[in-house]
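Same chain, two partners: chain A is paired with chain B first, then with chain C.
And now, the complex of A and B:
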């Protein structure tokens, strides 16, 4: 029998923990927030440049109608929609509303499923 | 009828995969498979672990004591979610049942983890009554309403299922107090007999100790006593905000 004084192993966490909807809702909130921070400057740049005459407008429009532009615009809208409604969910929790166990789970379901519906509708309409 | 049901159940077997690690023999942890007969209706996961230890492999190591969800010894990660082995029914669990120690803890052996840091964090919130009034002859009284304020906090058995389910605690467990300690912190803030509210809030007002909670709510989902640490943490945040107004 060998004795070793090595560091004890850390029990597994993220790879084995079962995803719960509330966990997904919180992590998706952060991810959508980071995504929006990264893409908002691009959106403002697009808006500013498109307001600088016909040529720039046509250029911006053609980029928006390209497949990259469409997908990015769709992603931004979905991220904004999700971040907005989950943000309202978090604000309600901050003021002490909807903070029962049942309401926390139900509100996570509502924000995630309404985002899925929004994303699908937008994908068809865009 | 009863016996026939008994026989049917006796012939059933459940498959388990259990996290094993013996520091004296193993270089790294591994999962070991077992098959356990269903001995009785309503059999719990702890019964299966006991069967393995008593009949199949005496070296399997885990903590247990009361066997009925009161002592908080057998917090485990069961099929990816934390819970108590003694009150988690085998029935309804997806097989093979994956049993691992509580997540993000130093493993002492098999399913036994080092709880020292967890209890140190509990100690940090000073979980005892701090009163500035003279010691009364008998007990310190509370009205029924004041007592009811402690509902949802006092039931905590410090099993660690919530704290070790929290991703914020996985990443910042050295400084973030975690759901169990914060639920208890809120319990003392709400206690009408406690006079140290100001000092307690001062201690908690820290970007890491308290504000690493991002409302992931794994704690609430994992709690075997159906408590809500996320709500307790929000209550503390609101108490801090209120005293600034």
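And now, the complex of A and C:
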């Protein structure tokens, strides 16, 4: 491969790799992260506003229990659950607990399947 | 042995380190926040309970710490993504600066929002607590 001297090669060449579960887990970590950047500050703001005044509490609760609020809350909880346990997986990788190829494959399976189960349970319970 | 090559930014592993520190803090605080939000959604937490739980000075301090940890985590995470996918240096600098200004603005506004309730309580601000 001929190198271009002006632009050094940058890391994610997504189209040239075959899709694997570990790769999906990594990409999904980023995607859930971007989604959480958009929603978590709003959720924090909403909860604080609801704690500060009775009127805002009533408005916030009725918005949360509307269909838009419920769907957004579900999506946010699923994204957060995934980001949280995949984050634990990455932290374990950083301290060298799961740095073999088999351990990464197994932990990716555990993370993805437990997220699916969590999403289904939350969809029923919410 | 630590790597002596500090990379283009010249600051070594600071971003990496802060991302992990904030991750460990968020690991414990975010489930509490989401639990409170879900219980409020279900109607299990009344206004009185929520008001007492979130306006105690200790919980105000914890909220502020949570806010800073979340913003540090957002900044380090988005920086990695922008550095990976925005390939023109000028555009990258522009996008990162816009993000930094937005996050700093949010930090100021939310810190005010967390602590302003004290001012409402003592009637320092005309609009009152609602």
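Just so we're on the same page, the second predicted complex is superposed on the first by the 108 of 126 C-alpha atoms of A that agree within 3 Å, B and C clash if a C-alpha of one lies under 4 Å from a C-alpha of the other, contacts with A are read in each partner's own complex, and residues count from 1 in each chain.
The rule we apply is simple: a contact is a pair of C-beta atoms (placed from the backbone, for glycine too) under 8 Å apart; a residue touches a chain by one contact, two chains touch by 3 or more.
Everything numeric in this text was worked out from a predicted model, so none of it was measured.
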Partner chain in contact with A:109 - chain B first, chain C second, else both or neither: neither
First, second, both or neither for A:97, with chain B first and chain C second: neither
Contacts of A:77 with chain B and chain C, given as first, second, both or neither: second
Contacts of A:37 with chain B and chain C, given as first, second, both or neither: second
Contacts of A:23 with chain B and chain C, given as first, second, both or neither: first
Which of chain B and chain C A:57 touches, first, second, both or neither: second
Those residues of chain A which chain B touches in one complex and chain C touches in the other: 10-12, 30, 94
Sites on chain C touched by chain A in the complex: 20, 23-24, 27, 30-31, 33-34, 36-38, 40-41, 43, 47, 50-51, 53-55, 63, 66-67, 70, 74, 77-78, 81, 84-85, 87, 106, 110, 113-114, 117, 120, 129-130
Residue ranges of chain A in contact with chain C within the complex: 7, 10-12, 30, 33-34, 37, 40-41, 43-57, 61, 64-65, 69-70, 73, 76-77, 80, 84, 87-88, 91, 94, 126
Chain B-facing residues of chain A, complex: 1-4, 6, 8-14, 16-18, 20, 22-23, 26-27, 29-30, 90, 93-96, 99-101, 104-105, 108
Chain A-touching residues of chain B, taken from the complex the two chains share: 19, 21, 23-25, 28-29, 77, 79-81, 98, 100-108, 113-114, 164-165, 167, 170, 214-218, 220-221, 226, 228, 230-231, 234-235, 237-238
